[in-house]
Structures are given as structure tokens and as C-alpha cells.
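Labels A, B, C and D are assigned to the chains in the order they are written; within every chain, residues are numbered from 1.
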Amino acid sequence: MLIVMEAGARPEQIEAVVRHVERMGFKAHPIPGAHRTAIGITGQAGAADPEVLENYPGVKEVIRVSHAYKLVSREAKPDDSVINVGGVDVGGKGIVVVGGPCAVESLDQSRAIAEGIKNGGGQLYRGGAYKPRTSPYSFQGLGEKGLEILAKVREEFDLPVVTEAIDHESLALVDQYADCIQIGARNMQNFSLLKAAGRARKAVLLKRGMSATLEELLLSAEYIMSEGNYNVILCERGVRTFADHTRNTLDLSVVPAIKRISHLPILVDPSHGTGKRNKVAPMSRAAIAVGADGVLIEVHHKPEEALKLYETVTKPGAMSVWSSEAGGRREALLQRNPKLAAAITPAVTSSNAAPMKLP
Amino acid sequence: MLIVMEAGARPEQIEAVVRHVERMGFKAHPIPGAHRTAIGITGQAGAADPEVLENYPGVKEVIRVSHAYKLVSREAKPDDSVINVGGVDVGGKGIVVVGGPCAVESLDQSRAIAEGIKNGGGQLYRGGAYKPRTSPYSFQGLGEKGLEILAKVREEFDLPVVTEAIDHESLALVDQYADCIQIGARNMQNFSLLKAAGRARKAVLLKRGMSATLEELLLSAEYIMSEGNYNVILCERGVRTFADHTRNTLDLSVVPAIKRISHLPILVDPSHGTGKRNKVAPMSRAAIAVGADGVLIEVHHKPEEALKLYETVTKPGAMSVWSSEAGGRREALLQRNPKLAAAITPAVTSSNAAPMKLP
Amino acid sequence: MLIVMEAGARPEQIEAVVRHVERMGFKAHPIPGAHRTAIGITGQAGAADPEVLENYPGVKEVIRVSHAYKLVSREAKPDDSVINVGGVDVGGKGIVVVGGPCAVESLDQSRAIAEGIKNGGGQLYRGGAYKPRTSPYSFQGLGEKGLEILAKVREEFDLPVVTEAIDHESLALVDQYADCIQIGARNMQNFSLLKAAGRARKAVLLKRGMSATLEELLLSAEYIMSEGNYNVILCERGVRTFADHTRNTLDLSVVPAIKRISHLPILVDPSHGTGKRNKVAPMSRAAIAVGADGVLIEVHHKPEEALKLYETVTKPGAMSVWSSEAGGRREALLQRNPKLAAAITPAVTSSNAAPMKLP
Amino acid sequence: MLIVMEAGARPEQIEAVVRHVERMGFKAHPIPGAHRTAIGITGQAGAADPEVLENYPGVKEVIRVSHAYKLVSREAKPDDSVINVGGVDVGGKGIVVVGGPCAVESLDQSRAIAEGIKNGGGQLYRGGAYKPRTSPYSFQGLGEKGLEILAKVREEFDLPVVTEAIDHESLALVDQYADCIQIGARNMQNFSLLKAAGRARKAVLLKRGMSATLEELLLSAEYIMSEGNYNVILCERGVRTFADHTRNTLDLSVVPAIKRISHLPILVDPSHGTGKRNKVAPMSRAAIAVGADGVLIEVHHKPEEALKLYETVTKPGAMSVWSSEAGGRREALLQRNPKLAAAITPAVTSSNAAPMKLP
């Protein structure tokens, strides 16, 4: 259930509604928006009485929500969420580029890559200290030593750090060392971990599972938010299909689908999403064109020597090389058909759009 | 097997090789390129002797091809193919927009839509006279009467016409009336129809099957080319997956994958590929950004009245509306990071790229 | 729309309803059942007036059908259909085993395999004269010469023949030479071919497409039946998924799903469905246990020399070898728990089941 | 790497090899078989020197393993593993039936269901105390109170208990209260949880993830075994595909595929695997016929009132109802073709089969 407050509702009116909800045994989530505040009501045991709530001063409307998700939805919060990760905004009008190695291997390696990312225009550093690996005999990451390296890189290069947590223990450490907690695709429905992330202080980057529907992804984000952490960033990283020309099938249509339903920012990971280095640049362009809030790129200074060898690993220089690839096609088009040329540039952010009603 | 002729090989040298190949019981396909001519050799019964061929004057190299496809590959023809459809180039440096109704219903309907497409910047008209429908009780198209309507529309609006053929009979008529023969996704492996299309005079637009691999799509194109019709345009229209937020999952990564392997142009159909009207504009942008040679858009002047109701049907006006959607995001980005902004514009065509060796 | 006649309706009453329906511009399909006759009404233009029809003598009920399929459904015909293929019943209480080579190569090869099948307990011979092949350069079958070989095999071994048609031309010949026309997975939505099969005199074996839903498979059968050929046998042969331990994923749950909705028999093809010779025997057992009406097995006398090499090719002897594999497990179980042992034997045919209402 | 000891190798010889391996910094896993002992060697850092090991007394062979899994493979242990769950054997020649409610709701509910399972011939009781639910607002299970109820049910009905653990905390409690720890499909690649299960004392039932390949499933089992817990039972529960007639597509071909590669027992869960109550009986029959070691069935005494309503919930009585379904089809077949009838009975266990070489 959602309580939409009037535009001019006073703080003490909001507070009164929250207290009433809590007295009834539910959890209240005030969500301040640009124009008004909404209050999400969550809890297991049935629903509160909407009629009583409608009579509280400052309450404009009480909405029964049919979808299982509430806090992630644009009904709860019409404006795009902008998540602050160590000073860098994710979501809103800008595009964020997150880069880094699959696994943190050493301080030297991490510094070399960070320098390339900084020069290449990246804003966030992503490197793995805890690696969820398919085989028990593969390198599983440096653990807390890797987190210490990441913290040093952040200080030296002013690049806020994103890194993965794989259980309660690593999550507590990541919450302490990093700026953003990554929950990987294999843990997207590790609900115990999602709840723990919901009690952490840092933002959470939640990757879509390999065969997760849009609704499941949103409900996993809802797990985090229902515990009180509203700083959630979604990430599309490809799904499993029969197609064999890429390792996964990057499902870019999920980006506008999420933008319609949810206020959360969404990044795209073309490195894992395609598994092919030569697809990273074109799919990054497509991700931005379709409306993603940024991309997450696997970057290594010596890809051929990486402990975990991905075909996807991109050299730092390659990020800036993208620019030199842009060329005659678009210019030729502009001259012939300026209207169409404009049409294929990235879409305006949806933050100005009117909130839509969910089905 | 592929015979690559020297840059300066004379026509009579090429002719001599062709005659030798045919004497040996094979079929020879001379493929003139910008710099040199390649000759593809096809046929069921084993392979010709490469040593004899290497000794012919003007022959530079004889390549044994491990992949089953030959004529579609960049080994056979390093330069991008540009296919002429009634005067409109598909492939190369430009972007082509194909629009029209799922089914031709009447002359009035077709004229109204054509006017919108012409004004919206479209270059080709696609409408169905023969409709492959899942149910035998659904409207199956106007048949030859529909083809006559399409021919009138072409004359009045100077829009070359693409339309689907579903069997040998309809193919003969489409070859006569239209400028480009569409082979639909359900017929991508109707090999008898592919061979007939290979004997037609007009260009062929071949749509990817709902669960076709990249290799299968290329081999279906090879069927057409092996009969002598080299004017083939590929089209990605979404594949079947578990994902339920779109009707199909549009697999944009197939575009750069095809560009690496094949010289053929590739269009993207976001209307069938997503099944949602609100996804057509963002996925069209992404298609162009990833390097597609154009888009194929379902357009109807009164979508709510269309005999075959798609959620995907777009009003003609919507095509030009795309332009007004382009906005502040890109401009803001340009000011902050010109290098990155350049990086997210569409890629230069691959025609300048060196031909790659196939695995 | 379906008209259900009373149990005691006389032939002239049925005839009167049929004539009325045809006068109204529709097509009437009388479907005699064990107890009563139903009349399916098909046609493009809207629906007939049910009230008039309800007043005809002998009419019990007029049912508006919401699903797109009619003639395939148990509403139209509650009893299991038993299709006669050259004297062999497919459907009903028996299990049919269809065997043979992927491609007919020679009379000697076909005779050697036929002998093995006859000795192994097989009842029908399936061999390809027209082969739909992914590559244009693969062996495409012997054509009419292959059909002549099949006809000789039938005479010598008293094994009725099933063989694939790939276009109108081959279908006319198959209809003439064989006992059952196979429509392959790649042509499941080749609607022009389905209609032609609906006008043929022989039974049709329709294979499920590689990514066809249950509804699509039934509607393709409906195409055949709506043209007047009610002798349709369905066949599950595996669908495309991400799983890589088999070539396709054999979807056995489709068997009971079809048995609930449709009266048509359903075979299972574990050879193409798994692509692995060592999976053919266990998946055949599972197919029979789940309620399939039979299996279709790829058999070759010299698998290692087959022109079209499948891992799936089974030697004729292997069919009878199944029997020696049956062993201690089931017997041990019988002694411990007779009730459970009974439970895992194949299900009774659904022909005694009450017809269900479709949703 | 695998060290295969001679048939007559003495305990002190085995011990000597183990000590050598550990001195070299690796982990040694002695795996006693019916005829001989194998010693699996695991560890991150490269491989031990095989030549030294081959010279130890009692060593027959040293095998370098190319697949990432070792301990799960038949190379390590040719005989089928039989896992003891509270006195009930899983694997080997018998068939095990596991039944119970999705979620433990109360002692009364659990007792009523247990009575039905006991009478219906079930041997193990599976009920959820910790429920991984897609939505944070769904009932998440009774937790430790549920475990106490399960322990009471076991005592009263002599039904050993299987129940799911979702994190380290619940795993410690499940290890204490239950006889077998279930790891659910969503946690199949929660590697931290797998390692913890590998340190538990009880057997582990590991369900295949919704889009897991066979190799990934085996590697997740390897995670558990590499920590020293060799009592692992696998479970197929359906994978995600485009097909919509069942909730998931039950992939029965994985059963013989696992039997070839691995010595671990494999159960099949037709309740989650199809999501349709009417598919549970036929797919259970098929699972046994294909060679599964048992089935896992969702059972509720009042399915219509279950807190978590599945279409899959089966009444306890239905389990014994299977027997009455068995009928005329098989008998008719037996009379006509005894060889074939034998062929379709469940396969003999693979324990007599010679061990195969892995690719």
C-alpha cells in the first residue's frame, strides 16, 4: 500500500502517518520526491485499513498496489532516483562509466588499471576481492587484502570503489571499505544476502540473474529497499539463451522496460553480457542509446596475463579509442536527414515524464 | 573453396578459371570486389583440386573454407555489400528506414500510411500481401490484389516496395510486382523457398528465425546466394527466450557479429523484436548505435483499427517524433566529456576494416 | 464454433446442419465420435448465428470456442484419434515404433536397415528422400529415386513408409509413394505446405518446431485439419534451450499436456531430441512412461558410414537390446513396494477419460 | 589429479600417499570404492608432480583430469554412490519417494501430511522451514520453530527429514535438526553456502539452478565435496525456456547424462519442474523410467488452503492413486510384443557398468 501525501504536507503530518502505520504493526517507508512525499507500507500480515489513513491531515490518496513490488516502482516515487556513490551520481542526466579488473591481483596491477580508467574518462572503479567462481579450484580472490588495495586506489586516483560481496562476512567488510556493494548475478536471489545489503550503509549494485525475469529483478531490489536501503542501482549483464555467437544474450530492451516501471538507475555490462572483447564497444554505444545510465566495463592493463582470462577484458586505452571509431556514417547521415540523425541520439532522461499507472 | 584472383587479373583469366571449375562439375560464383575478384566454388561432390587451380594465370590464392558458408563471408568479399532496392541503397554508409503496415488492407489505407512514411523520412515501403499467420482462421492477406495496391503506392510516392513471399507461387508474383522479396522468420529454413528466391531477379530480405543461430542465418543466406542471387539483406527480429517483458528478445549483438563475418547488410526490426510500441523508438536508436544498416518499423495510420492488431504498430507521425525526444542528456554529456560523447555515437561502417580470417 | 449433435442424431439431421452452415458461407467439418458427432465450423468472416443452429433437430449444444484451435481439440472430439498408417494403428492403446535412416542412400542400405527394424519389433519405416539441410552444400536426398526405394522396401518387408515432404512438388510425390507424409520441424510454420498436406490423401506426421509453443503446434495441426485431412500425428523432437549436454532439450511434459487438450496421437523422437546415441534408449522408455503413443528412432546398419552422420544413429540390433537392459531395479522394487511399482508403469490411455472443458 | 590405488593396496600405503600430497600443499580426498581406493587431489596452486606419486607403493595409476570436476566423477569413483539419509538409502538399486509440504505451517498440518506420505509409500519427508521467496512480502517460513516441528514428525512417523538452508545461520540449525540439507535452485551457485554445506555432517540435496548447465551443477556438487562432505544428492527441477505449457521445462535427459559422468544419485522434482498438478504423475513415471533414483513430490493435505498455493501440490492420497491409473495399455502391449514391453521398463542401475573414460 502507498500513501501519497499532499504537495504541501508538513513534516509533522508525515510523521503522524508513519507513527500510525507502525502502531498497526507495519513498516513505513517515507519516500521524499521533488513535489511530494509518498509513504510505502510493507509487512507480512495482510494490509492496513485505508479508510483510516485517508482521513489523516495531509494525506492526498491511498493506493492499493497489485504488483508485488512497491518501493522500486514509479508509483512510489515518480522521479528518477540519483544514487550517490562516493560523490559520483549514478542516474539522472549523466552517463557513468565504471571500469576495472575482474579480480584485484596486486596493488601494482590495480594502480596501472586505475590510471588507464582515470585517463579514459571513467568515474568509478570496479574490481573483485571476493570472486564467485564456477569451480572450487579457480582463484577465489584476495579477500580483505583485495579490499585494502581498492581503498588505496580510491585515495590515490579519486575513483570511488564498487566491489562484490558474496556472503554476510564479506558484505560487512565491503560495507566498511568500499563505496558501493555489488551483488552478483548468481546471488540475485540469495535473499538472505539481499536483506543484509538492505541493512548496509552503502549503495548496492544489483546484477540481473542469468535467467531472471524483469519482475524477479525488481523484487530482489525490493528486498534491499524493504530493509531501509534505498540506494539501489540495477545492472543488465546478459541472459542465457540458445544463441552461441555471444556468451550471454545482452537484453537491452530491459532498459526502457525498467525506466517505465521503476525510478532506479540501470547500468549495462557489455563485457559479461557478450563475453567477446570486440562486442564491448558497439554494445556500449547501444546501451547508452537505449537509455542506460552507464556501462560497466571489464578493463585490464595486460589482458593476456590476467589471472582470470576473459575474452571480454578491455585495455584501458580502448575506452578512449571508442572516440576515434566514431566517424563518417553519422556525419553523412546528418547532412542527408537531420531529423533522423537527431532521432538516433540517446533519449532524454525520463525524469520529466509524468508518472504512469502500473497495470 | 575460394579462389582469390590477383588485383590486376584480366577478365579472360577469371573466365578461364570459371570454365575449368565448371568442367570439373562444380558451380563457380565470380564475386567482383573493390580491389580484386574472388571466385566461390560450390557443389555437393567433394572438392576440386586446389593445386591445379593455383597454377592458373591471375590466381593469387586458393582458400579451403572450413565454415559451411562461403559466399556470405568476408573472405569471399571483404567490402560491405550495398544492395540496390529500387534505387535505394541498403548497406554502406547510410541508414535506411523501412516502414509500413503489417498487412495491406486497402488502397486508401496504404496511401495514408505511405504519405506518413514519406514525410517521416522513410525510404522503403514494407506491407504484407501474403501473411503467414499462426492460426488458419486469421486474415491471410489480400494476395495479388495487395501486390497491385503496393505497386500503385510505389508509383505515387516513389517508395520502393518490400513484401513477403510464402511459397513458390507467391514468390513469382512478388518478384514481378515488388522491389524486394521478404522471406519471413518462419520460412528462414524453408530451403525450397530459399532456392527459389535465389533464382529470382529481385533483392531478398531474409529475417532471422525465432531460434536460429548466427550460423544458420548465414547458411540460409548462402542458400539464396548459391543459386546466383547475391542481393541479400539480413534482418534481426528477436529470438525466443524465457524473458516476458517483451514478446521476443531483440539480440542486437548479432549485428556486430555479422559485420565481422559477412559483407551483407543487416537491418533490425524492433517492432516484432519487442512487440511493444513504447520500445520501438529506444531500440531503433540502439540498433543504429550498434551498427545496423537500418530499421524496419511497423507503421499504421489508425493502429487501433488495424485488422492485425499489434501493440507494435506505430503511427507515421511517431517516426518524426523521435527527433523531439532527443534532448538534454547528450548535450550535458558533451559539455562534461566530449571524448565519451563521441564514443557513444554510431560506429563507422566496417567497410574500411581489413578483411579478417575466419576461424 | 462447435455444434454437438445428440447421441441419437440421424445422418440426415447431421447433413441438414452441414448444409445450413455451408449456405451461410462457412466450412462444416463433421467429426464422428464413439457416442455422438460434433460439427466444427470454420471460416474467416466472423461467426455463424448460434441461435438458429440450436433449433435444428438433433442439435444438443452449440459451443463458442475461445481458443484459436477447434478441430484438434477434445471439445470437438473427446475420444483419442487412432490414425491408420498403411494398416498400422497410431494412437489408442498400442505403442508404435517407427525406425529408419535419416536419409535413404541406396536400396541395399534401406533393405539392410528394414530387416533390422522388422526383427527389432518396429512397425513403420521412416527414411528421408528429401532432406531439409542447414547447408546448401550438404547431401539433399535422392528425391523421387529415394521414394521408389522406399516403396520397394514396403513391399518386401510389409513396413508402411513415412517420409518427409519439403514443398508442394515433393508433397505430391510423397502422397503418391508413401503411407504417411512427414512435415519437419523447420516447416512446422510453412503454412502453404501445411495447407497442401491438408488436401493430401495420406496421414501427416507433424513435428514440433524448435521453438514452437504447444499452441503453435496445435494450430499448425489445425491448418492441416481445416483443409479436410483429419489424419494428423504430432511429434515432439526437442526444443532449443541453453542446455548443452544434449543437442536439443526433449520436452516430455508436452505429451500429457497434449493428451489433455487434443485427441491427436503424439510420438516422441529421442534421436533428434537428444542428439546422443546413448540417450535414445532411456529417453524412449521415459517417452512411453509419460504416455506417448510411440517413438521415432534413427536407425542405420552402419552408423559410422552414414552419409549424414548423427551421433543419434542407432543400429537395428540396439532396438531389441533394450530388452536385455531391463533388470533388477524394477524387480527389487516390486518386492518392496508393489503399489509404487505399479505406479511407474505406463499410464492407461486417456481414451476413457471424460472430455475436459477448455479454458 | 586422481591417484588410483591398486586393488590390494594396504591402508598404510594409502596413508603414505595422502601424507605426501599434503606435504606438497594440496588436499587429499581418499575415496574408497568396492574394489579399490582412489585419491582425489585438489588445491589452487598448479598440480603435484605425477611421476613421484606413481612410484609410491600400491599406486596403480595417476590420472590428470581435464574437466574441472574431479570428486563427483566416475573416474574418481566408478561405483554408484549410495547416500544414507537417516537410515534410508538414496541411490543404488532402489527408488526413493520424498514428499511433503512446500512450507511447514503447523504441527497439525505436518502430521496430517506425514501420515499420508507414510501410507502412500514415501520414505523421506521434505518440508520448508526457511523459504527463499521471490517477494520480500511473502511468507518466509517458520524458521527454527519449523525445524522443531519437523523433528517431531520424524520421531512420530519414522520419516527422515530433508529441509532447506538459505544461509550460514540456517544451515547450522538444519545440520542440527534434520537428516539432509537442501540447497535450493536459487542458491546453487551461492558458493559460500556450498562450502559451508561441505563442512556440515549431514547429507546435502543440491537442486539444479534454473539455467544451470550440467557442468555447473556438477561443479557446485564439487564445491561441497571438496570441503570433505561426500554425501551429495543431485536434483533436477526444471529449467527456464520459452515453453509456456509448464512453469519450467523438466529436463529428464540430464538423468542419463549425469549417470554417465558421475557416481552421485539424482532425484527428479516434477512438482516444481512442471508447476501443474496434473503433470506430476506422468512425469514421475517418466523420471523413474529414465533412470532417476527417486522423485521429490510436493504434498499437502488441503492443497486449496496451503499458505503457499502451488498448482503442483498433490494430496497424499494421490500418491497411491498412481497405482490405479496403471492399466490396459501395458498389458495389451505385453501380449503383442513382450520384447518391447520389457524394453520400456525402468533401466537397470548403472552400478554394473564399466567405468567410462571422461573426455
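Rule of thumb we're sticking to: contacts are C-beta pairs under 8 Å (C-beta built on N, C-alpha and C of every residue); 3 or more make two chains touch, one makes a residue touch a chain.
Since the structure is predicted, the reported quantities are computational estimates derived from the model, not experimental observations.
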Next item on the list: Please find the path from subunit A to subunit D through touching chains that uses the fewest steps, and give that number.
Entry: 1
Note to self: Suppose a student superposes the Cα atoms of subunit B on subunit D; what rotation angle should they report, nearest 5 degrees?
What the structure shows: 180
Item checked: subunit A-subunit C separation of Cα centroids, rounded to whole Å -> 49
Margin query: Quick check: how many Å separate the C-alpha centres of subunit C and subunit D?
Written below: 35
Next item on the list: Give me the residues of subunit A that touch two or more other chains.
Entry: 211, 239-242
Notebook entry, point to check: Among line, ring, star, complete and other, which one matches the pattern of chain touches?
Noted result: complete
Note to self: Quick check on the complex: what are the subunit A residues that touch subunit D?
What the structure shows: 42-44, 68-69, 132-140, 166-168, 170, 186-187, 189-193, 195, 210-211, 215-216, 219, 222-223, 226, 239-240
Checklist line | subunit D-touching residues of subunit C, taken from the complex the two chains share | finding: 93-95, 97, 121, 211, 213-214, 239, 241-246, 249-257, 260, 273-274, 276, 278-279, 281-291, 319-320, 322-323, 325-330, 332-333, 336-337, 339-340, 342-349
Check: Mind pulling up the subunit B residues that touch subunit D in the complex?
Finding: 240-242
